[in-house]
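Can you read through this structure? Questions will come right after.
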Amino acid sequence: MREILERALGKGREEVIYGETASYIPELGRVDKNQLGVCIYTSDGKKEAVGDYDVRFTIQSISKVITLAVALERCGFYKVFEKVGMEPSGDAFNSLIKLDLSNNYPYNPMINSGAIAIASYLTPIISFKKMLQITRRLCMDDDITLNTDVYLSEMNHISRNKAIAYLLESKGIIASGSVQESLDFYVRMCSLNVTAESLANFGLVLARGGIHPETGEQLLEEDVVQVVKTIMLTCGMYDGSGEFAVHVGVPSKSGVGGGILSVADKKMGIGIFGPSLDAKGNSIAGRSILRTLSKELNLHIFA
Amino acid sequence: MREILERALGKGREEVIYGETASYIPELGRVDKNQLGVCIYTSDGKKEAVGDYDVRFTIQSISKVITLAVALERCGFYKVFEKVGMEPSGDAFNSLIKLDLSNNYPYNPMINSGAIAIASYLTPIISFKKMLQITRRLCMDDDITLNTDVYLSEMNHISRNKAIAYLLESKGIIASGSVQESLDFYVRMCSLNVTAESLANFGLVLARGGIHPETGEQLLEEDVVQVVKTIMLTCGMYDGSGEFAVHVGVPSKSGVGGGILSVADKKMGIGIFGPSLDAKGNSIAGRSILRTLSKELNLHIFA
Amino acid sequence: MREILERALGKGREEVIYGETASYIPELGRVDKNQLGVCIYTSDGKKEAVGDYDVRFTIQSISKVITLAVALERCGFYKVFEKVGMEPSGDAFNSLIKLDLSNNYPYNPMINSGAIAIASYLTPIISFKKMLQITRRLCMDDDITLNTDVYLSEMNHISRNKAIAYLLESKGIIASGSVQESLDFYVRMCSLNVTAESLANFGLVLARGGIHPETGEQLLEEDVVQVVKTIMLTCGMYDGSGEFAVHVGVPSKSGVGGGILSVADKKMGIGIFGPSLDAKGNSIAGRSILRTLSKELNLHIFA
Amino acid sequence: MREILERALGKGREEVIYGETASYIPELGRVDKNQLGVCIYTSDGKKEAVGDYDVRFTIQSISKVITLAVALERCGFYKVFEKVGMEPSGDAFNSLIKLDLSNNYPYNPMINSGAIAIASYLTPIISFKKMLQITRRLCMDDDITLNTDVYLSEMNHISRNKAIAYLLESKGIIASGSVQESLDFYVRMCSLNVTAESLANFGLVLARGGIHPETGEQLLEEDVVQVVKTIMLTCGMYDGSGEFAVHVGVPSKSGVGGGILSVADKKMGIGIFGPSLDAKGNSIAGRSILRTLSKELNLHIFA
C-alpha cells in the first residue's frame, strides 16, 4: 500500500510544474506550489500517509460538502433542495449566467451560488463556532482553526460572491437581509485550516455511511451521506466532474487551496494536498494521484 | 397643433387599460395609471400641453440621459466609453447575462449596468446636489426635487442593482469600494420628480444642440448632444428600441415612472407622462402618442 | 422479487396519467400511453418480468449507449473524446446553445449533438446492418428490426437534428460531407424495435462488465463498459440526470419511446417500457419504478 | 468635394494594413486587399468617384437591403415582421444562440437568420432572374451579374447557414421543405457583382425616398424606404452598428466582399469598395472614409 502511495505521489509530482497556485488573493498565491501530500485511511483501520500530509492549508470549496451535510441534517432534504438543484451546471463554479437565464435556481450545492444559498439557510439556526466543532469532529482533528489571514483577504475580494448573493436575494432564493451574514459564514467555512489527514479522516466517515471509524458513533445520517456522495460524484470537481467520474470514478470534492477529499465507498477515505492547480481549479497533482490510486487499488465505482 | 395633440392623447388613452404601473416598489404601484399628459415645445418657441402635463412623477431611467451627458462633459468621451459600449444589447435592461458572458463590459449607458458604471465615474467629481442643479437647468424647472419616499423604497429593493454593481466591481469596471456611493447616486438621480413639461423643455435643449431655447446659452456641448441623441435612438426604449425607431423614428428615452423624453431633432422637445407600462417597461399610451405625433407632424428621422 | 416488481409496477402505474407520449412524430404520439412493463435479469441468472415487458417499442436515445460502446471499441477512446466531451451540459438534449457558445464541442455522447458526432465516426467503418447484428447480440434478441414507419417519420421531422449536424460540420467536428449518412445512421439506430426484456438483457451484459450472462463470452471490453456506465450515470437521464443519480443512483438511459435501460452494477439489468413521459422526456412511470426498485433492492451505487 | 473625397481616401488607405480580406472562401481571400474606391452621388445630380470605384466585387450582405425592400413591397410589412424582429441582436451576424434561446425569432433582417427567413418568403413569388433585374434597376447598373465562382464556392461552405436554415424550419419560421431553395436564393443574391458606383446609385435612390434620380420614377415605395433606412441605421454594421451610428450617423450596410452602401438621407448615396475587413467584418478603410465624410460633409443624422 505504502509503495503504491509513493509511486502515485511520484507520478503526481511530475504534474506540479504544469499548474499554478490560486492567485485571486495573495495569501493563496504565496503558497509553495511544490508541496504535495496524500493520506489514505481504510475501512479496516489502517492509515498511510506520504509527503506533506500534515501541512495545514485552507479547505476552501471542500467545506461545501460539510455545509451541505449539516444543512441536510438540520433543515431537511426538502428545504435544502427547494430552491437549489442537483444538476451539474456545465459552467464554471462562479458563473452567474445560468442563474440569470432560464433557470432561476442555483444548479447544485457545489457551486458558489448553491453553497451561499445553503449558508443562508444555516446561519439562523447554527453558529460558526458550532460549525467549527462539527468540522473538527467529522475530520477527527481538533487543531482545525480559522485562518484569519485568508478569511480577511477573502472578505476583501468578495465582489463576485456579493454579486451572486445579491442576485439570490433579488430572486427570493435567500431571505431578504441575509447577504452579509451568509457570505461571512460561507467565507469562514472556506478559511478553515485542514490537512490531507483531516480530509482522509472525513473521507472515511463518508465511506462508512457516516460512522466514526473508531468509536462507531453515527456522526452523520446514512441517507444524508448517500446524497452527499452522489452530488460529489456528479458535481464535485467543478466543470471537470464528468471527465473525473470517467477516469477516477470516486466521489471527490476539490478546493482552490489545493485540497481534494475523496471517498472510495465502503473502502477508504483519501485526503490530498497539492496547491498547484489546473485550469479548472483542481489540484493538478491530486488529480493524477487519484487516477493512479483508482487504477491500482480498484476504486472506481464501476471497477 | 393643439388639435393634433388632443387627438394623439385620445388615441393613447385607449391603450391605458392594456398596461400596468411598475410594481417592484409600492410607491410606483400606487400611482393612478389613468393619468396621461403630453407637452411639446417647438424650436420657434411655442409650447402646447394637454392632460396631466404638470403632474410630478419620478424620472427613473430618463435620468440616464442626463448622467451620460454630464459624464461626457466632465470625464470625456474616452473615459466614458473605455469600459461601457455603445451597442444595443438585445436583452432586458437589468440582465446580467451579457455582462458575465463573452463581453466583459456593459453594452451601453442606457441599461442599468452601464448607467451604474457611469455613476461611479461621476461620484468622485460631482455631488448629487450639483447634479440636481444641472437637472433643473436642463429641464428649466426649479421645482425638481428628490422624491424621498421613492428614493428610500428603491434603496430597500436594490438587490439586483447591487448584484450588477458588485459584478462591475469584480471585473474592474468600477473602482474598488465605489459600489455603495455609486448606487446611492444612481438611485437619487432616478428619484427626481419631474413633469411632462420638464421633459419637453429638456427635449428642446437636445433638439437645439444643447442651446437654451430662451437665453441662447450653450447648456451642453454640441458634440455631447449628438452622441446622446444617437444613443437614445439606438438604445433608449429598452429592448424595444429597434421597433420604436422603425415606427416612431425619434430619439427617446423612457422610464418606469411613466415618463418619455423625446427629441425631434431641430424641431421640438416632447415630454410624456403615462404611468401605465407595456411589458417592456415603456409607457403604453406614450408609445401610441409618439407614433401618432411622428406621423402627423412628420417627425421621423427619415420622414 | 416478483412481489416487489408487481408493487413497483403498481406504484408506477399511478404516475401514468401525469405524463404524455412523445408528440413530435405521429407514430410516437399514437402509442397507448397506459402500457407499462418491467423486466429484471439478475447476475445469478434469474429473470422476472411483469406487465407489457414483451411489447415492441422504438429504442430511441437508448441507442446512444450502444453507439458509444461500439465507437469506443472500434475507434478508441481518444478518437471518440477528441471532439466530444464527457460533461453533463445542464441544458436540454437538443439544445444548440452550448455548442454555439464558448464551448466548441458537444458536451457528451448522450445528447443529440454528441451522438450525431459519434455516428459520423462510425459510418465510414461499420454498416447499419452490422450495427443491427451487434444490437441483437447485446440485447440477446434476434427479433430486433428497424421500425420503418418510425424511421421514415423521423426522417421527415429531422430539421433540428439537421441544424445540429450542419453546425457540427461547420465547426469541423464531423467530416465535411458526412451529414446525410450520419443522420441516416443515427435515426436508424433510434428506430430499432426492442422490448423491456431486450433492455434488461443488455443491462445485465453491462452489469457484468461486458460478459454474456449465458455463454460467458466477452461481448464488450471491460474498460469500455466502465466508461459507458459512468456516462450513463452522469448524463443518461437528460437534464434530470443529477437528481436521478441522487434518488435512484443506478446508471440508466432513457428514450422518448418510453424505454429505460438500467444497470445495477454487478447485480442486474433492468428494462422498462412506459411511453407516458415527464416534461424532460423520461418515462414517468419508469422513474417511479426505478426509485422503488432502488430502495427495495438496495441498488443505489452508494447504498 | 473631390478634394474631400481624395483626402478621405488617403486617410482610409492608411487603415488597410490593419485588416484582412474575408477568408472563409478562397475566392474572397484571394482578392487584393489594397484596392480602395469611393463614389458619391448627390441629390443635385453630381457624381464624384475616386480610386477603384469601378472594380467589381460581390455585394454579399448588402444584398440583405435589397431583399428586405423587395419583400416589404411584395409580401407586406406584416408578413415580413411576423416572425422576424427589428431589434439589434448584440451578437455576431451568424450566431445561433439568440435564436435557440428565449427569443424564438431572428432578431432582424440584417443578420443571416433574418435574411434567410425573408428569402424563404420571396422564393415562392419571385424568381432570382427577376431579383437580378430589380437589383440592376435599383443600382442603375445593367452589368451586374452573378459571380459564378463565388456562388459555387459559397454553396460549398454553407454548413453554418444550413444549420441556421434548418433551425428556422424546425421552429416553423420558414416553410417546411424550403431550406434548399431559400439558401440558393440567399447565396445567389450575395454573389452579385457590383461596384462602388452601383452602391452610390442605389444609395441615392434610398436617400431620395425611392425615386430614380434621373427619371423621377418611384422605384421603391416611400414607406418601405423609411423602414429600410431605419433598420440599416440600427442593425446595418453587424455588432458594431451602435458605435457606427455614434461616430458616423449615416444608415449603412456593409458586406464581407468589402462593400459599404451608405445613405445620407435626402443628400447623397455613397458606395465604397475596400476589401480589407476589421474584426467585425466591416471594410476597415471604408469605416474610416465614412467617418471623414460624415464629419466634413456634415452627414450625421444629428449634425
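Every chain is named by a letter (A, B, C and D) in the order it is written, and numbering of its residues begins at 1.
Here, a residue touches a chain if its C-beta (ideal position, glycine included) is under 8 Å from a C-beta of that chain, and two chains touch if they have at least 3 such contacts.
Model, not experiment: these values are computed from the prediction.
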Looking at CA centres, what chain is most distant from subunit D?
A
Copies subunit C and subunit D - rotation angle from C-alpha fit, nearest 5 degrees
180
Distance from the CA centroid of subunit A to that of subunit B, rounded to the nearest Å?
47
In whole angstrom, how far does the Cα centroid of subunit A sit from the Cα centroid of subunit D?
54
Any idea how many Å lie between the Cα centroids of subunit B and subunit D?
32
For subunit A, which residues are shared contacts with two or more other chains?
101
In their complex, what parts of subunit A are in touch with subunit B?
95-97, 99-101, 159-160, 162-167, 169-170, 176, 179
Touching residues of subunit B toward subunit D in the complex: what are they?
85-91, 98, 107-108, 225-227, 229-231, 233-235, 239-243, 245-246, 249, 251, 265, 300-303
